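Let me begin by presenting the structure, written as structure tokens, before commenting on it.
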Amino acid sequence: MSPGETARPVRPRPRLRTLAITTGLIAFTVFAGNEVGFDASTSWEMWTNPLWGMFWPIPWDWVLDRSNVLDPLVETFQIAILASLIGCGLALPISFAMSRLTTPNRPTYLVCRSVMNVVRAVPDLFWAKLLVTAVGIGAFAGTWALSIFSLAVMVKLFSETVDNADPRPLEAARASGSRHLPAVRTGVLPTVLPEYVAYALYVFELNIRASIVLGLVGAGGIGRVIEAQRQFFRFDRVLGILLLVFVIVLIIEQFSVALRKRLV
Amino acid sequence: MTTTRTPAMAPRPSPPTGVARRRILLALLLVIGAAWSLTGLDITLARVLGAPSDAWVIFRQLWPPDIDKALDRGVVGKVFESVYIAWVGTIIGAVISLPLAFLAATNVAPRWIRIPVRQMFNAIRAVPELIVAVIFIPITGLGPWAGTLAIGLHSVGTLGKWATEAIEGIDTGPVEAVEATGGRWVSGMRWGVLPQIMPIVASFWLFRFEINVRASAVLGMIGAGGVGAELVSQLMFRNFGTVGAVLGITVLVVLTIDTLSAAVRRRIIAGVARTSGPDTDGDRNAEALRDLTGLRR
Amino acid sequence: MQPHGNSASPSLRADQTQFYDTGVLPGAPVSWRLPYVIPGPDYYPARVIRFEDVSVTYRGGVQALRGLDLTIEDGEFVVIVGLSGAGKSTLLRALNGLVPATDGSITVGGVEVVGASAAELRALRAQIGMIFQTFNLVNRTSVLNNVLMGRLGSVPAWRSTIGLWPADDRERAMQALERVGIVEKAYVRAANLSGGQQQRVGIARALVQEPSVMLADEPVASLDPVTSRQVMGDLRRINRDLGITTIVNLHYLDLAREFGSRLIGLRDGELVFDGNIADVDDDTFMEIYGRAIGDDDLVGTGDDPT
């Protein structure tokens, strides 16, 4: 093969479709930026806004006071724990019902799947607000909302695991004349249980974070305190609460992540 | 066979005790956790039993949705405002997180910079968008810009973490090749790493956009722009028909965006699988994405 | 950098400007420019490579090279053989500083590699091409972009980062592709090439650096016998045509015999053979490998079924 034998190729032009998509995306971004009030000239001014001074100094005496912050914070974690237990507990049977592998019959499968898709499409705090309206302001509504939210997430994660489980043990159990439920119990459950526990811990981590903001819409916990202080313009207190919460959440998460790593 | 053989009399093992003990411990822990939580939350049996009917009273009124009233109040525009917030927020997050991810990846960044950047990603991820918005609202005032900033900042955490993982999954051969030609670190990242991760990172951005659409809908509830504010005010006035319409339109838009975006992501992943060379493990990234897309956060 | 032993040799950078016209408008199409010609043998300054008592110890205590002494003259074609783990790869990587030598001195054309600063290393590496066993191409980008990556040591980082390659460098890349005979694939994605073609892109990427030294680390280990011979032939031809000092790590002894002129044998990080390939017989290989020669050590002809 001697050099220069073949002709150099012509540089391919960018395809029209690529150009159109790029232009479209840029145009949409500019338009959307305009709509949300992005303004290059003022977006830097906000960082020098004197109102930042309202966040400082942090009144640690107030923040670390038991009735002001710590009690609602405990309530927050109680909501998260209870909601995780309820959500993950309910998720176990529902996941089995909406997995192709283990569903008892087709109608159950379809109903579970479509209901869960709709439930998940509604943002979590919309649920909280609806339930606050229905059952009244407070932690009860929050627990309920968070339970629904964890159920939706857990079912999504876990049913996929069940879908991908090894079908052969189930077949073997059925071949031995087992009824549906015991067959699933002995043939599938043991193989997916470790992942179930791992996902449950993951959902718990999500719930810890989500429970903090529940109170912003009246569903109990520390968010209620943040909302109140925010309306009194006590941003120093807000920042203090947030820093405290942040540290505690990180600690809880470290525990949960460590536990998850050991289990999987 | 005519004769039965007596089996060798090996001692039967006793069931292991450790497992049973661990199970009991776990069950005990869960029960105690539940009991402790119940006592703190002022949950009585009467309330639990009454709740479903209370909720049903409200939920029943969501149907039929009062579409006309919702359209009159410009709910569609509000939903789209949420989409714009999510889009611009995602772009802010993408633009900031991508360069930072190069500083956080184990295989291309030195230790002294990697640790702080990683910790920063973790710290940002730990703060929900709503909380970020609570901090920004006093500065920027109520409105979509506060929500956009909140979404953008929070996205830096997750997008940065995902991009870091994508970089850690690359074939480092090309980076070594750039090093061997006397190129700078930046050149190694631009020509050795970026082409490898770009498709996967783009699909991460899309995935984050899907999540951000939901998040920005919620942000309106505290006044950071978008459809959430409408939901709150209609609930306050107990116009449940309109609430039903707001929910319906939101869910429709959310699901449409999810479907479209998921289709684009699938195409990107298919492209990645196609162009991964025979002796690289670029598919590992595609796998990572498949794992990741199961999670909401 | 340390002063050059033979100070008559001018700096490479200054020389390069003679070979292409930089007076045309920046960004002008390549066709407007004077044809750029890959410089011939006379162009390259004498680059003697010297290893003096070089040792490399990896973190964790593995000693890959032990007190190596070696001189390679300008324009030589050297084949290094040895078992895997004998230190072949370390030797090449110590030469361009990818693996820092823990002891001793390595000089390329009088320039010290051991202990050089990052900037000095970059300048040195820009003049040393490297070819890899696994090609190390970016699969998802075009062949031309892959070849242009060879210019990263010379083009300012901001220019290459935004993809604003100088027209001269594009021309260099095209000519390098022509030299290895795959210019028609310039705009094809690297992933769509066969193994042999990919390694040619790897060679073109090294060539486009206009190196005075070419290092090839097991360049044919991932290729079939026929392609292996073609690639080795390419390397040999480039060495003869351009006079680029070439050092090739090889595992296959028959290829070493076919293409090498000087053979270096490494065993456990020590130099155990250094001589002309004509003087080498099976006993020499047995001494280098420390065992009998098996089929695995030969690439074969490619047409026998084993």
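Every chain is named by a letter (A, B and C) in the order it is written, and numbering of its residues begins at 1.
We take it that a residue touches a chain if its C-beta (ideal position, glycine included) is under 8 Å from a C-beta of that chain, and two chains touch if they have at least 3 such contacts.
Nothing here was measured: the structure is a model prediction, and the numbers come from that model.
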| item | value |
| --- | --- |
| Chain ID, smallest distance between chain and overall C-alpha centroids | B |
| Chain whose mean Cα position lies farthest from chain C | A |
| Chain B-chain C separation of Cα centroids, rounded to whole Å | 46 |
| Rounded Å distance between chain A and chain C, as computed from the means of their C-alpha atoms | 52 |
| Distance between chain centroids, defined by C-alpha means - chain A, chain B (Å) | 6 |
| Residue list for chain A, restricted to those that touch at least two other chains | none |
| Residues within chain C bordering two or more other chains | none |
| Residue numbers on chain B that touch chain C, as the complex places them | 171, 173-174, 176-184, 186-188, 190-192, 195-196, 198-199, 275-280, 282 |
| Touching residues (chain side chain B, partner chain A) in the complex | 30, 33-34, 36-38, 40-43, 47, 50-51, 54-55, 57-59, 81, 83-85, 87-88, 91, 122-123, 126-128, 130-131, 134-135, 137-140, 143-145, 147-148, 214-215, 217-218, 221-222, 225, 228, 231-232, 235, 238, 243, 247, 250-251, 254-255, 258, 294-297 |
| Residue ranges of chain C in contact with chain A within the complex | 174, 178-181, 183-187 |
| Residues of chain A that touch chain C when the two form their complex | 1-9, 11-12 |
| Residues on chain A engaged by chain B in the complex (per definition of touch) | 28-29, 31-33, 35-38, 46, 49, 51-52, 54-55, 74-75, 77-79, 81-82, 85, 117-118, 121-126, 129-131, 133-135, 138-140, 143-144, 153, 156-157, 160, 202, 206, 209-210, 212-213, 216-217, 220, 226-227, 230, 233, 235, 238-239, 242, 246, 249-250, 253 |
